[in-house]
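Structures follow.
Across the two complexes that follow, chain A remains constant while its partner is chain B and subsequently chain C.
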Partner chain A sequence: MATADPNAAAAPPNDSTNHGLRVVVAWFVLSAIATPLVAIFVGRLIPPGNASVQGTEQVFDNTWMLSVITPVICLLVVFFAYGLGSFRATSDAVVDGPPLRNDARIQVLWMVGTSVIVLFLAGFGTYELLQNGAGGGQGPNPIAVPSGSKFQVQVVAQQWQFTYRYPSLGGMESNQLYLPADTDVELHVTSLDAIHSFWAYELGVKADANPGVDNVVFVKTKGPGVFHVRCAELCGLWHPYMFNNGHVVDSGQFQAWAAKQQKLYAAIKPFMDKPESDGGAPYSKTYFPAPDRRAG
Partner chain B sequence: MRLGVKLLLVAVALTAAGVMIGFYVSNLTTLAGSPSYALPVQDASSGHPVVNLQIETVAAVGPELSRNPDWVSYLVRDNGQWKRKTVWDLPAHATVHVTIYNFDGASGLRNPFLARPQGMVGNRILVDGKPTDAIDPNDASHTFAVPALGLILAIPGVPDDAKNPCGYAPCSVAKYDHRTIKFTFHTTTPGHFRWQCFVPCAAGWLDGFGGPMQTIGYMDGFLNVRA
Partner chain C sequence: MTEAAIAPPPPLWRRLLGFNLLTGIVLGIGGWYVGWYGAHAISGPSIEYFGDTDYNELSVYLAYIGGVIGFLVGLGFLNYPFARLRGYPPSLREKETGGWTRYFGLCTDHKVVGIQYLWGIGLFFFIGGLNAMLIRTEQLSPHSQSFPMGTYLTIVGMHGTMMMGMMTSGILGPFANYLVPIMIGARRMAFPRIEALTFWLLMAAGAILTTTIFFGGFPTGWTGYAPLQTEANAGIDNYILFFALVGISMTLLGLNMIATILTMRAPGLTWTRLPIFVWGVLSTAVLMVLAAPVLVAVLAMGALDRTAQTSFFNAAAGGSSYLYENLFWVFGHPEVYILALPGFAIVLELLPVFSRKPLWGYRLAVAGLLGVSLLSWFVWQHHLFVSGINGDLRPFYMLSTELISIPTGFTFLCGMMTLWRGSIRFTVPMLFCLAWFFNFLIGGLSGVFLSDVPSDVTTHGSFFSMAHFHYTIMGGLVFTFFAAIYYWLPKMTGWELNERLGKIHFWTMFVFFNSTFAPLFAAGFLGQSRRAPVYTGNLKFLNDWVSISAFLLGISMLVFLYNLVRSVAFVKKPAEANPWSSRSIEFQLPSPVPVHNFDRIPVFSSDPYGYGEGPAPSWVVPAGAPAGRE
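After this line comes the complex of A and B, so read on.
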């Protein structure tokens, strides 16, 4: 008569529990609760803010994407929590777990599900990008150009501050950034020396500032308000101090500010309008570092 | 390897690292850093303190004041002596009378806009005693700018054919050719404001913005506005 081998591993218990169904139900319930909460309460806290149409759209896009991935995160959380709770070792005995089997249904479901999500996000992102712009620099030849007239402002970066030129105001330059409210603005971002990045946070604008490059950004301002501007590219000793506040103001305030700045600018305008060969800097889409360095 | 030997090696390595860090910090504070200078209050009878700030810009700081004798630099007058200190303590809500003596030649501004004085009383400076709304950007030798206060002014350079140019600092106002710039500005609430030169004036560095332009104690510093 054969006797049992005392060293043989114990056979796994015959478990008839439908773990898959439990996970799906728990996932569904958690997602049904978490997704609307995230969309309603977390989404509105997502940067950058509502100072421009593009900023508002970015908040909308981020809210949508966060809502889409919330069920995915819920699935991972439920799966790990359920696994840790249900399949934990209950004794010190060394036993084999149940055999792993291929399940074509789960594989197909996983591939189809992730593909749908990724393709949806790609399509959604592309549509939103073309529809409202992303607030990012589009380079010197922008693709998504909004229709209608636009108010041009040039952003000039240098080590270590931003200045702003207004071609419609005779090329007037200022170290303050004022924009009229409810206006389509066309920003031309460039640099006089090193690589910088113009980040107007609440406007939802971020664009590289490179010497010799005219990086075009479109943004539509909303109501009056203040937004923060800072450099987002490590550019030397005073990079962390390269910031200032921008202002979106109503038309009357903008005209008053512009008149004051033009009065200040009048003293330097004759020198600015000189040709570059004579040390001037007449309004141009791009500039190159000049003088290169100190003589001697 | 025995445990005792291992511990000894770890202790030696830690000690060596500590010594190297100490040298690095020491180097930063003596070579790259700058001690602060508290400006004495000249008059407070009106309720608002008045201080005088006298600084000079030199083409070469010289071996007496730096281990980088050829670096361009700002110096401040402290008890009658020119010192390489670029961190200045100022009282809040004060009137600051500034006199800059420039002994360096012109090299030009990268952004001519900065040749228009702004942020001081009247948005105007005195250049060798003459009220000036703007200098020729080509004549700019350095700038003194505190961007967070909106204070910007360009300093014209000494002509190339000056008869008595100053070599190494400290440069005597009585002895060497220089330009004199005067202006007044007001400090506001307490804060920590950086100042810098905007002229690419660090000879020998790529685009003129290395070395003394990137090192506190030469062409950069802070205004510590205190209550």
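After this line comes the complex of A and C, so read on.
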């Protein structure tokens, strides 16, 4: 590589092309084409889908965010495609470019632009979150609570399975999750040992299961269907096998299933905590035997 | 000053008997056994007697602490304190050792430490990379097939811990230690022995983490969440000791950098003339000093839970798993900016050289670095959006996390405007810097999804977040790490790297990096959980694609390794003093840089980015001319 001539003058600013205008025009054109395409065709492909109100909301939210970041990507693409093509060194000799050190207008424009995008996204996300909790775990004192009555289920995670307890069915327990269709569901997620995370993928629900903590999450189911439940927080050896199918069924099927489960598990009923109707706590946080420190 | 001033070294056998790496290893192993059996005396039953029903954790801790102390003693870290106690005057005589053996012991020359760091970190980066290959081998099948479950989790944990722990010092270790004193016109770091200590602590830590396999590995991944940490087998003790030592090393490294930059700048080097790389190092060092002690504290609590039956994190006995998560991420989120910020700085440092223009918006660039550094303290609970902690604070953390895009955007703007109307030369370091823009754009924008609570519910704990942080850390840090290697290694070693092989390395790495991690965004959206060797069958094609790309990415690293070994060990083509026509001061010195850097301390009259603004100022003051302090 040739060494720089220390006395070489800077490249004369004889370049009268308005590079900036070209980039801005190309950016506007590309964004105007790409953004609607992304919003219409790509956004709706983003999971988790429409199995619950929260899932639909997440799809909507993801679509909006994709649409907002598409022009940002377009700007960078246009800038680099244009800039790296136009401003490459033409010879092996090392020639200095024009000594541009600053431009306050561009700085202000950039700061205002990024701030507007950021504040919009934060405001939009907050609005969506406060609608109904967006399917995320909200802890023992939820702030975004859907109005109306809710069907309650406790999710008890342990190494390495989930157990579901139905307080409205006399504290019935099952290792299968059945939920009635078109219902507001209130899930109380807790753990007996390590930290787990209850992830009902198609429902758009994710809530960490912490030992000794009642983590509440709301979801409004839609029509009948099957969803996947898995653990989303590394919880030890058989973490990947904390995996099951859950079901959303209409109310007749749900009653039938509940009756069958109650019969199936009648034998262990005396060993379980008392249900709320008998003066017990609504959600037991411990089981017998007590969780062992060396459970791993 | 020159080589002639150094006394001829004693014969080899005599040097092997002194304080060096060999002695350090021997005393380290000795110290390990002293600690191990010492703990038996204190605490009775040990891992050997009771199998997996109960352990004597104390023996593991004391063994490794004894090992580290023995290692440091063997390297000679106690010689100087004892010499001072016996009345000898202060000196830096460890700097004066000559020949290749100074790379294998305690040396207080910041340039030697920089090169030690480069090879040491390179070694552990290689081990971490091999772990990544093993992970992708397992992921070739939706079922658990290649490794037993516990082994797989250990591989995942070692990969993550190795990369996050070691690469924290990936740029500050080799490049800041080597370059900061030169760039600020000093002859050494503020605390040269502490500088050496940070490196050797890191090597001891690496050995500790690697030997976790003898204690059954650990199942927690790099985050080490309690109470899984508390109930795990003895391998987790290695994790705790590793990260605690890394934390101590980081704190000392950061303190040393801050002290050096604040107090040892040459005359005329005002804050607005400081190379942007030094600003990047300073903002990173502040994060290190404030964040790493939190890590050490939380790990100490974890160690007490395991050894002394305290219950910081045990909910059944009044503790809280939230405490661990909170403290870990108070460290953990500044940590990821400790990884990212030096990358920003390297990009901004190199772009002016290869577009032959001054750095555009110097003050804005500095504001960007400091802004990220400041904001990174207010975002950590976005890692806990679905954990149920502080549900009412989620809007705040959503906002603060998204605000970080503003100072990050400053870096993008300054970089892009520096390219604007420049005379761009596509050298290998420049290619890596340009790739940073692409990678960090994808990484940053995918981070917006994770910062937004409704989207985070979908993507949290999935391969999406894994792809996101690989784009920011591998695409942001590792790419700039290689840019720095191609840019500065000729200066550091005095030998040129092959440019053709460098370009092959760049293009294969860039293509296969994207081919590896871009599909993982889709896998995460489709529901693939992190750290799990089992996934649903519909994701097999994506995972096979990713695995094959990852293997090819691994091969591209071998191209680099071949280039490095070939250039440094076999071809040995001497590098020019200033191969890039840079105006930065390190390139005005001979290659490699002489032991004392400058014959006389330079006086600065401008920043190093005056491309196109007339002849470069003469940095190095000729002998006899009026100069700054010696």
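Convention: the second predicted complex is superposed on the first by the 261 of 296 C-alpha atoms of A that agree within 3 Å, B and C clash if a C-alpha of one lies under 4 Å from a C-alpha of the other, contacts with A are read in each partner's own complex, and residues count from 1 in each chain.
Here is the rule we go by: a residue touches a chain if its C-beta (ideal position, glycine included) is under 8 Å from a C-beta of that chain, and two chains touch if they have at least 3 such contacts.
From a predicted model like this one, the values you see are computed outputs, not experimental measurements.
In the superposition on chain A, contact is made by A:175 with chain B only, not with chain C. Of the two partner chains placed by superposition, only chain B is touched by A:158; chain C is not. Within the superposed three-chain model, A:194 lies in touch with chain B and with chain C [touch as defined at top].
Using the contact criterion defined above for the overlaid structures, shared-chain residue A:241 touches chain B and also reaches chain C. After overlaying the two complexes on the shared chain, residue contacts for A:232 are found with chain C alone; chain B is out of touch.
Taking chain A as the reference chain, the count of touched residues is higher for C when chain B and chain C are set side by side. Contacts of A:267 after superposition: chain B is touched, whereas chain C is not reached.
By the document's definition of touching, neither partner reaches A:183: not chain B, not chain C.
In the superposition on chain A, A:50 makes contact with neither chain B nor chain C.
Chain A residues 193-194, 236-238, 241, 290-291, 293-296 lie at the interface with chain B in one structure and with chain C in the other.
On chain C, the positions that touch chain A within their shared complex are 53-54, 144, 149-150, 153, 219-221, 223, 225, 227-228, 230-233, 314-316, 320-322, 325, 355-362, 364, 384-392, 394-395, 398-399, 402-403, 405-406, 409-410, 412-413, 416-417, 419-427, 434, 437-438, 441, 445, 448-449, 451-458, 460-462, 525-527, 529-536, 576, 578-581, 610-616. Residue ranges of chain A in contact with chain B, taken from their complex: 156, 158-161, 163, 173, 175, 192-194, 236-238, 241, 244, 264-265, 267-268, 271-272, 278-281, 289-296.
On the chain B side of its complex with chain A, the touching residues are 59, 72, 105, 107-113, 115-116, 118, 123, 133-134, 136-138, 145, 147-148, 150, 152, 194, 196, 198-209, 213-216, 220. Taken in their complex, chain A has these residues touching chain C: 1-4, 6-7, 10-11, 15, 19, 46-48, 54, 57-58, 61-62, 65, 69, 72-73, 76, 79-80, 83-84, 87-90, 94-103, 106-107, 110-111, 114-115, 117-118, 121-122, 125-126, 128-130, 134-144, 189, 193-195, 197, 199, 201, 204-208, 210-213, 215-216, 228, 230-241, 243, 286, 290-291, 293-296.
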